[in-house]
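Heads up: the structure comes next, in structure tokens.
We just call them A, B, C, D and E in the order they show up, numbering each chain from 1.
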Amino acid sequence: MSVNIDIRVADRDVEVAFDVAAGETVAILGPNGAGKSTTLDVVGGLLRPDAGRVALDGDVLTGDGRWVAPHARRTALLAQDPLLFPHLSVLENVAFGPRSRGTGRRAARASAEQWLAEVDATELAGRRPAQLSGGQAQRVAIARALAADPRLLLLDEPMAALDIAVAPALRQLLRRVLAGRTAVVVTHHVLDALLLADRVVVLEGGRVVEQGPARDVLSRPRSSFAARFAGLNLVAGTATPDGVRRPDGSVLHGTPGDPAPAAGDEAVAVFRPSAVAVHREPPGGSPRNALVVRIDELEPHGDTLRVRAGDLAADVTLAAATELGLAPGTEVVFVVKATEVSVHAR
Amino acid sequence: MSVNIDIRVADRDVEVAFDVAAGETVAILGPNGAGKSTTLDVVGGLLRPDAGRVALDGDVLTGDGRWVAPHARRTALLAQDPLLFPHLSVLENVAFGPRSRGTGRRAARASAEQWLAEVDATELAGRRPAQLSGGQAQRVAIARALAADPRLLLLDEPMAALDIAVAPALRQLLRRVLAGRTAVVVTHHVLDALLLADRVVVLEGGRVVEQGPARDVLSRPRSSFAARFAGLNLVAGTATPDGVRRPDGSVLHGTPGDPAPAAGDEAVAVFRPSAVAVHREPPGGSPRNALVVRIDELEPHGDTLRVRAGDLAADVTLAAATELGLAPGTEVVFVVKATEVSVHAR
Amino acid sequence: MSRSRHVGLPRWVYLPAALAGVFVVLPVASLATRIAWADFPGLVTSDAALSALDLSLRTSAASTLLCLVLGVPLAVVLARSEARWLGPARSLVLLPLVLPPVVGGIALLAAFGRKGLLGAQLEAWGIQIAFSTIAVVMAQTFVSLPFLVVSLEGALRTAGERYDVVAASLGAAPTTVLRRVTLPLVLPGLASGAVLAFARSLGEFGATVTFAGSLEGTTRTLPLLIYNLRVTDADAAVAMALLLVVVAVLVIGLVRPRGAL
Amino acid sequence: MSRSRHVGLPRWVYLPAALAGVFVVLPVASLATRIAWADFPGLVTSDAALSALDLSLRTSAASTLLCLVLGVPLAVVLARSEARWLGPARSLVLLPLVLPPVVGGIALLAAFGRKGLLGAQLEAWGIQIAFSTIAVVMAQTFVSLPFLVVSLEGALRTAGERYDVVAASLGAAPTTVLRRVTLPLVLPGLASGAVLAFARSLGEFGATVTFAGSLEGTTRTLPLLIYNLRVTDADAAVAMALLLVVVAVLVIGLVRPRGAL
Amino acid sequence: GDDSDAGDKGDKGDTEKTTLTVFAAASLTKTFEQLETTFEDAHPDVDVKLSFGGSSDLVAQITEGARADVFASADTKNMDKLVAADLDDGDPAEFATNTLVIAVPPGNPAGVEGLADLGDKDLDVVVCAPEVPCGSASVEVAKAAGVTLAPDSEEQSVTDVLGKVESGEADAGLVYVTDVKGAGDAVEGIEFPESGEVVNHYPIVGVKDSAHADLARAWIELVLGEGQAVFTSAGFGPPAA
């Protein structure tokens, strides 16, 4: 299910082109009004672009004079507003997709119940949408989109309005269902982008300003928007009980993150540059990780200084940098507490 | 404008009582379906409680056999769903509140323009709500609620759906307008709670499980829900150019946070316990802050250990704690990087 | 046990509303005072009355059905299609509304009568429509259709298309969307439209008498009987009219879905 | 330049929709074929025709206005109030719908006629309604009111109350909510209702002739003239009917708001 | 004379009754309903169906193909239309006449005494519209009497005139003698000398191509013969010819 997107919507000044490989999840990031929802609408067939084309596995959905109706695209779109059908119960809402695809009443019901259980909303099955809280409605809408079993899943801010207690569970659910599925997810949250997406596309003012593998974009953002929330340190390796073993055999200690990896799994350790302390000598004390590195460059970042060494970055104040006499080529120790490092399954 | 709330909505199993002092902002926190929106609806007069009362400055709005109609309460409610009037332009939407209160056409327009400018949406003034992106609609809805100039402002997740580029600006705007205003804000974000609210009320399953000054609840949460996202270190003092001067004269270095304080202002430094490293001796290196403290207690916190010393807490791994031989009564150095400490104006 | 968020109505609204109620109810109540109640049971159970009532109910039900079958698609097309030529088409649907019913009957004769446009063809096939029960149903459908179409189209436009779009993106084909989302959502409007059509059919007189004639058991519906009776026995006519009203209110009361008029 | 999200319609829908269109348009078109076009201009510009047309337009406009003034509040109360007694009240509004118009006229006489319930009182105040233009307007209002009320109530229920609630919480008093939010949001439904009421008034015959009589310039509206003419000059009647149709379609086409029927 | 089964060409089973359809002017409603009983008593296997309406409506329906066996008109003008359309089966025969009378509400509250009072503008007077038969008769009578009528309404039918007088809405109206008689106590009739000047004639005829021409002839015979008593007692005058 690879997707080629190359579209233009003139009256919203949106002109976007990117591809999604088969089985890949792409996250779209960007400020309000950047054209994220517009892009999803066009791919889902809810909006006709002025020009360009959208192709799924080579089948042209839009463009070249062709037009495939939304229902025939098998692209489920979860919009920003949950828009549950007010006249159907929660269960009937979730069963709507399967029923529309011709699944029998009983099977559709069973699959709806299963998806409701997945989003932790089993007890809401008999309610009307008007009787749900905002976050509950959002969860049901997620279940409904997933139950439709689409070839391409389009999610527009699926995690907005979720309380922090459910969000991790849903993030894990999404990770599970997105694995091996072709999907496009709009999000404002860096962790969602990192954990759910293989690749990231950053939109600004209706144009793609940056795209690439999620790790690259998030660790070394080039666009100003991505830079504001990304710039993370990402260290890949295999999971150990208390951290990640790097290819060179050293272990980076951390605490298990949202999708906690089992020992031996592929994993990635994530920590913010601001959490990295820079020392001339390895210090004693609680921090578990002391990495000896050679500074590549120093770049000012607001009133702090970003110290780059290989893949890693540390943010320090100007005062500290002066005091320590940091300069490119200096050998230093990057120190980061294990509690600041979260280890996620890849 | 003090508010007394003591209500019961039987069919949603919500039974909530708390007060809001004049000029105070209260944040309501809690998981999905906890009854947050229900509480706001009752206070705003959109829902009749089965029992109990709501009083504004002693005037009974609901209860004791009285009932004041929503429009007569002067309580503006910004609901979770922006619900902009589809038949009015953005400007007319924002001018709706002032017009309804009897403001002249021109004055209402002027005030609407001003509020639109405040939420950075001036260029949207002429659009219809259908032509807005999700986040744009949310911003306009905020402007509309503020323009109504209510005695009591009720905000239900005002920051959901906002991109991270606008969110800080809007948070500052809200801080400005909430200062000295009586308001109740529902939020899922700890930073919002900390920065916008004087007091925090935590709901779970329709009941108040915890309430108190924002700093107390966020630094030492007692309810399980609050514990999941709070537990911050908060250090109050006066702002210096690069940190906060504590009452004892020592300076905690940090980077300016969202509402950056001017030097000499009252300020609060915020940092997470996980960012605090524990040393036996002050280490060299980039961290600016080394605080000598005596350990009060050690409490296990998942697979980490929370080390409490006076007002401050540090999270360390069990391995580190064992290695350092931490125990109550031990004198240790809490080390935290200046880049991990954000300094906010109070 | 959902409790809807609720905003009060301005008090003054009740004054014109009550006035409107009185204006509608008072004449009917006055009519009831004119009835010789002693004769009433006998009058309304006479053969002629029962046969007319039976015919009225059957034809009105049939024409309401026909209105639904033809009118719902038309309303959907008018509400949802954006084709230019629909603007004028929309006005044409109003024709039977403004035509006095008798003229409507003449128009139907001109189309389907023996000498009408299609009539010759139909006659050749051995079908004679005019002056049959089918003609009654056609006359009623002709005058009632616009009521269904207009009120349903208004409801469809008010409801908008947001949920249709969601349903389509979940894989529902247009027919499924129509059946499971669009129409259920406008159920109050659809019910209002059907009620209007049924009521209009039940009270239909002019087009029926012209196009279908007035023959007991075949084409003489209750309004036609009432018209006839008025010539000979005004009291009986009034009693029969009251019967019609009661029956209509009962039927409508029984079939209307919750919350719909 | 908003481009609405758009879901296609099932293709089969166009078949019954087209059938419905044909069923409505064909008779009227057939009628047009019966007209002696040479005489047409003369007929429709005769004094009698012009005076009847003028009277029809004036009375229909007046009764539509009256329907709006009385009917909008009634529809709002029926759609928004939750009082128990409104259930039966709702059915009562339908009465004039099912009453054959002639009986409606008799009912109006029973209420407002000289010997009617209120008539004696009115006469004492020196008000005589019968045989006046006011009677025409009353008869038209009586038969048209339910159309406005029913279709507006359907639209109000479909639209729901979410925006009303928002408006109230922004400090809008109920009257402001009604004027600036509730009614603008159901504008398509309101327009449909007004069009229905206007059209029904324009075609009204039975109640008018019974309650108001038929005198040129005072009470003889176009449908009454058509009925009269039909006896002596069927062709003239048909021509006049066509005039009525054209005028109605024009008036409705000119006044209807964008997007409304 | 009635020859019972003579006209029955019914090819349906003997359980099915043969239907004889009679179209008659509305003013004949009561009398024809009486005759229906008489006829059906004499012809037990025949079901008479009566269709009443304005004479012009009925003619229009017959020309448009309505299946009628007999047509009885309230005036000669409409009968002539049927003949002109060549739908008559034999010559129409006149079976009754009718004259005008002034109808006033019970007790005659306005004190109407004669036709001249109907020219009084202060009285509420209703008449039939000149286009309908009773209206043209009213115009002629007034002309003959030298009175200028001042109507407040020109009604579509006799029934409407009667309705206005019964309800007290009008002080006086011009209707037929039979109408006043039929209305019983609801109105009073005031005779006036000029009424003889204008006489309304009621012709009847069989309709061409009737499937039951014999039965139709039997009905017409009943109307012209034995049935005359019924018309007389309803207030009709005898046929002029």
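We adopt the following convention: contacts are C-beta pairs under 8 Å (C-beta built on N, C-alpha and C of every residue); 3 or more make two chains touch, one makes a residue touch a chain.
No experiment lies behind these values; they were computed from the predicted model shown.
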Shortest path length from chain B to chain E (each step joins two touching chains): 2
Rotation angle superposing chain A onto its copy chain B by C-alpha atoms, nearest 5 degrees: 180
Self-contact between copies chain C and chain D, residue sets same or different by half: same
Two chains joined by the most C-beta pairs in contact, as defined above: C-D
Chain D and chain E, separation of their C-alpha mean positions in angstrom: 35
Inter-chain centre distance, chain A versus chain B - centres from mean C-alpha coordinates, in Å: 26
CA centroid of chain C to CA centroid of chain D, Å: 14
Centre-of-Cα separation between chain C and chain A, whole angstrom: 56
In chain B, residues with contacts to at least two other chains: 46, 69-71
Interface hub residues of chain C, defined as touching at least two other chains: 2, 4-8, 162, 165, 167-168, 173-174, 177, 185, 230, 234
Residues of chain E engaged with two or more neighbouring chains: 60, 163
Sites on chain E touched by chain C in the complex: 21, 26-27, 29-30, 49-53, 57, 60-61, 63-67, 158-159, 163, 166, 182-183, 186
Chain B residues within the chain D interface of the complex: 44-46, 69-72, 74-77, 79, 83, 85-87, 96-97, 99-101, 128, 130-131, 144-145, 148, 150, 154
In the complex, chain E residues that touch chain D: 54, 56, 60, 124, 126, 129, 131-132, 151-156, 160, 163-164, 167-169
Of chain C, residues touching chain D in the complex: 4-17, 19-21, 23-31, 33-34, 69-74, 76-78, 80-82, 89-104, 106-108, 110-112, 116-118, 141-142, 145-147, 149-151, 153-155, 157-159, 161-162, 164-165, 167-168, 173-175, 177-178, 185-186, 188-189, 191-193, 195-196, 199-200, 202-206, 222-223, 226-227, 230, 234, 237-238, 241, 244-245, 248-249, 252-253, 259-261
Residue ranges of chain D touching chain E (in the complex, touch as defined): 106, 109-110, 113-116, 130-131, 209-210, 212-216, 219-220, 224, 227-232, 234
